[in-house]
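So that you can tell them apart, the chains are marked A, B and C in the order they are listed, and the count of residues begins at 1 in each.
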Amino acid sequence: MGIEMSGLTVQLLDIAAGALLLTAVLVVWRRELSVILRVFALQGVALAGLVAVLASAQRSVELGLVALGLLVLRGVVLPLLVRRSLAGAGPVRRETTPMLNVAASLLAAAALTLLALAVSVPLVALDPSPATRAVPVAVAVVLIGLMVMVTRRHAVSQVVGFLLMDNGITAVAFLTTAGIGLLVEAGIALDVLLVAGVLHVLTGRIRETFGDTDLSALRELHD
Amino acid sequence: MSTLLLLIPLAVPVMAAAMYAAAGWRRPSAPVAVVSAVLCLAAAVLLARLVVDDGPVMVAGLLRVDALSAFMLIVIASVATIVALATPAHLATELAAGRIDRRDARRHAVLVQAFLAAMTLAVLAADLGVVWVAVEATTIVTAFLVGQRRTRAAVEAAWKYVVICSTGIALALLGLVVLNQASAHSGTGAGLDWAALAAGASALDPDVTRLAVLLIVLGFGAKAGLAPLHAWLPDAHSQAPAPVSALMSGVLLSVSFYAILRVKVIADGALGPTFVRVLLLAAALATLLVSASLLIAQRDYKRMLAYSSIEHSGLLALGAAIGGPLASAAVLLHVLGHGLVKSVLFVGAGRILQLTGTSRIDEVGGLAVRRPVLAGCVGLGVLALVGLPPFSLFASEFGIARAGFEASLGWPTALALVLVVVIAAALVGHTGRMLLGAAPEQPLVPCPPARSTTVAMVGGLAACATVGVVAGPLTTLIDAAAAILTGAS
Amino acid sequence: MNPLGVAGGVLQAVVIVGGAPLVVGLMRQIRARLEGRAGAGVAQPWRDLRKQLRKQPASPRGTSEIYRSAPVLLVATTLVVAVVAPFVTTASALPAVADLFVVVALLALGTVMIALAGIDTGTAFGGMGASREVTILALVEPTVLVAIFALSVRAGSTNLSAIVGSVLDDPARLVSPASLLAAVALVVVIVAETGRLPVDNPATHLELTMVHEAMVLEYAGPDLALVELGSAMRLSVYLGLLANLFVPWGVATGPGVAALAVGVAAFAVKVTLLAAALALAEVFLAKLRLFRVPELLAGSFLLALLSVTTAYVLV
């Protein structure tokens, strides 16, 4: 899109994108789930900030409202929901034995960032602008979220991984063409909220039936 | 008139869900689901006639029906009818056995109707974004249906189901976002409207579109049971209540596959047929291989049916990869045939589970002696599933294979056929052990009679056989839909 | 080779050699005060050095020339860095040596020499300390390289003076994600590389946790004095690099006695403040278990890598 951005706007955009990535890395780095949740809430704020910067660059009230909605949903509602799952998730409040140890996951996150850079080349080439240049960062957040989901064993960690992916996808959506239609956007937000709700309930049930939320206990079903 | 017809399949399940939410699951309210399904089926048939005669119908820029959507609507409504007929007996037995209570039964009825509404929305939506929202909504509404029994296994299956499907579908969303970017820069103003995208496909940036299509096929492939993200399917299908398994296997997989088909049309226009063909061919063969290797030594009959569903998803992918009018028509016929037969089989499997109390193949034994009608239906269903005539799966598998050899994809097709034969042998062998032989000592659990279930099973098999022998007016619809898939119209 | 560079280089060497022990003394004094002790005074490291230097040289039986040359090499390499890198002035006596890669390699050389000397003693502690040090080094060196490289992307040169100069020209780029991430990564690795808490405890001789101290356990007399001086200089050099890469103001860019004097004062203030902050942080930090150290360093490596990525991507 041919929106002119001032130097300051570009810098703010870059900082928001950097914060998005940094929070994703911190989620991989830390084991204490309550810390992870705080970092995740920060990421929601960074995402809302990103959209707010775009809104001010395009002077779009609609986008400003979307930013506000994102702030409420991803900075407050979803973190609170996951926090409640954590409160009901039993005594284990740490990601004790991830399938990939933390040092290795950090190096894997580095590799994933490079991968994100490589796969986003055509996207950036299609429309080189300050906003699309930040797309690889958002794609990296998606991949890191995917990795957290695959390698973590605590139910709450997996939920955070899923939401991390989703934050990344939302960031890609706004950085590319400033969203994909208000109706679809609202539908996606609702879906994410509902999935988080479903996972919240299921976390409670896992705790009820297995006595723990360590997902390595899920071994009933196999061939 | 057409607007009304288009809204019926969407509004009727929603109203039925509201009714169940208000009134609960009782003897008088039970037939509402059947009425709802039959109404949808009637509306779908009328819509199909309308579309074949007059071309696509559009409502408010949000919903659109062409021949392909109309065909999918018919599949959804037919399977919904079978399931609606079988549900009362299933729930009555579960209630009598105390495995669920009234609240669970009400929730089941409400969620199933919501599930149907979401699938209908997915095939009616004109915007791929809305298709995504609807497919994701199916995950949400079925999560609690899968975990209904609250045993360890059921909770585990529900967790895996939600996590894997949501992850996969999130990748599809990323793909749609990327596709949207390509669309925004193509200058056609198509947004994510599939018809406009297909029309203006040649203007899409090929590199960006390739990335988008890869993500979308991977993502919706997860929900359609294609490898590598198929792991949720056997768990969810084996733990869900029988009517829900029937719906998930019979239509949910093909609704997700419908999304892949829509994107394939766009991708073929933008990238040429090779890219998606290679992608789908790889997925198809991997899927068939997974299914064959896990079916040979399968010990659980519900999981057996689930792996068979994975197999058929692989066949659909194979047919879509081959492309062309013959293969496309065969794929659509296969969707219908598999939907009918698999729902009959899952309903039957649910009945067997209730009667014997076990889901292990070697603990059933001698069902033909004890319950000849049920055993007959299940036996015929498995024969239909492995592609014996006169059932329509014979015609569709034959069509896919022939098209494969004609399209000079001989080696992959031959490999797929070998795997299909292995799977067929495994299925028939396992089913034979269940149905034939001497009955075990342990008596069957007394269950309420299930006349409507029998009607549903016989009806489903009869419909499948009829379609296999005389497709009749369905041929016109399938040809029109296949023309859309090949980009000819 | 310009006159400013030569004057600055000599000045830098004098300031760092003279000031480094004082920085160490300051940090010990701050810790002592915060922990409720009187402390030995800021000049105590110098008094220690004087005492050590007066002693008769002694080396353990069976050690080779590596053991004897390591302290000299440690001080020598650090001294070269102290001369060429932009601490007081951006004009370098040997501009070619003020390159990022050369500086990092020189600093690594000193560390490797000390590690070899630790092995050379043939004692259990020496070998253990060396193996731990090399493990840390293997993660630290790439991080330093990559982090400073991220800063060099915008300057368009890997010359440290050019990097510092470009930040002076355009201070706004300091608040970019690339330089923020690089700053965090550098802080972590500098803490690790100079053997401070939470990676290593400079005040302990508890065998289970030592890293640096284990390697130099056998040194005595003038050799020990050189090792101590070298370590102190490394700390100052790293803190000085960190300070000038991110807060370059005050560094002399033109000739003149006044500019050089301002440069020295600014450098002293910056390093003192950083050292005080580090000492303050150490009071509140517990030592990390040794097997968690790679985690910390892998994290900082990731940050450095991200910093390069964003430097290239978000232009």
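Keep this in mind: a contact is a pair of C-beta atoms (placed from the backbone, for glycine too) under 8 Å apart; a residue touches a chain by one contact, two chains touch by 3 or more.
All values derive from a computational prediction rather than experimental measurement.
Asks: Taking CA centroids for every chain, report which one is farthest away from chain B.
Replies: When every chain centre is compared against chain B, the largest gap points to C.
Asks: Max contacts between which two chains?
Replies: Result of the pairwise contact count: A-B comes out on top.
Asks: Nearest whole angstrom, what separates the Cα centre of chain B from the Cα centre of chain C?
Replies: Inter-chain centre distance comes to 65 Å.
Asks: Cα centroid separation between chain A and chain C, in whole Å?
Replies: Taking the average C-alpha coordinate of chain A and of chain C, the gap between them is 37 Å.
Asks: At what distance in angstrom does the C-alpha mean of chain B lie from that of chain A?
Replies: 31
Asks: Which chain A residues reach two or more other chains?
Replies: Chain A, residues with two or more chain partners: not present.
Asks: Where on chain A is chain C touching in the complex?
Replies: 7, 11, 14-15, 17-19, 21-22, 25, 29, 101-104, 106-107, 109-110, 113-114, 117, 124, 130, 133-134, 136-137, 140
Asks: Could you pull out which chain A residues touch chain B in their complex?
Replies: The touching residues are 1, 119, 121-123, 125-127, 139, 142, 146, 149, 155, 158, 162, 165-166, 168-169, 172-173, 176-177, 180-181, 183-184, 187-188, 190-191, 194-195, 198-199, 201-202, 205-206, 208-210, 215, 218, 220-221, 223.
Asks: Hey, which residues of chain C end up touching chain A in the complex?
Replies: Within the complex, chain C contacts chain A at residues 172, 175-178, 180-181, 294-295, 297-299, 301-303, 305-306, 309-310, 312-315.
Asks: Using the touch rule from the top, collect the residues of chain B that touch chain A in their complex.
Replies: 62, 127, 129-130, 132-133, 136-137, 139-140, 143-144, 147, 150-153, 155-160, 162-163, 166-167, 170, 173-174, 176-178, 180-182, 184-185, 191-192, 205, 207-208, 210-211, 234-235, 238-239, 294, 297-298, 303
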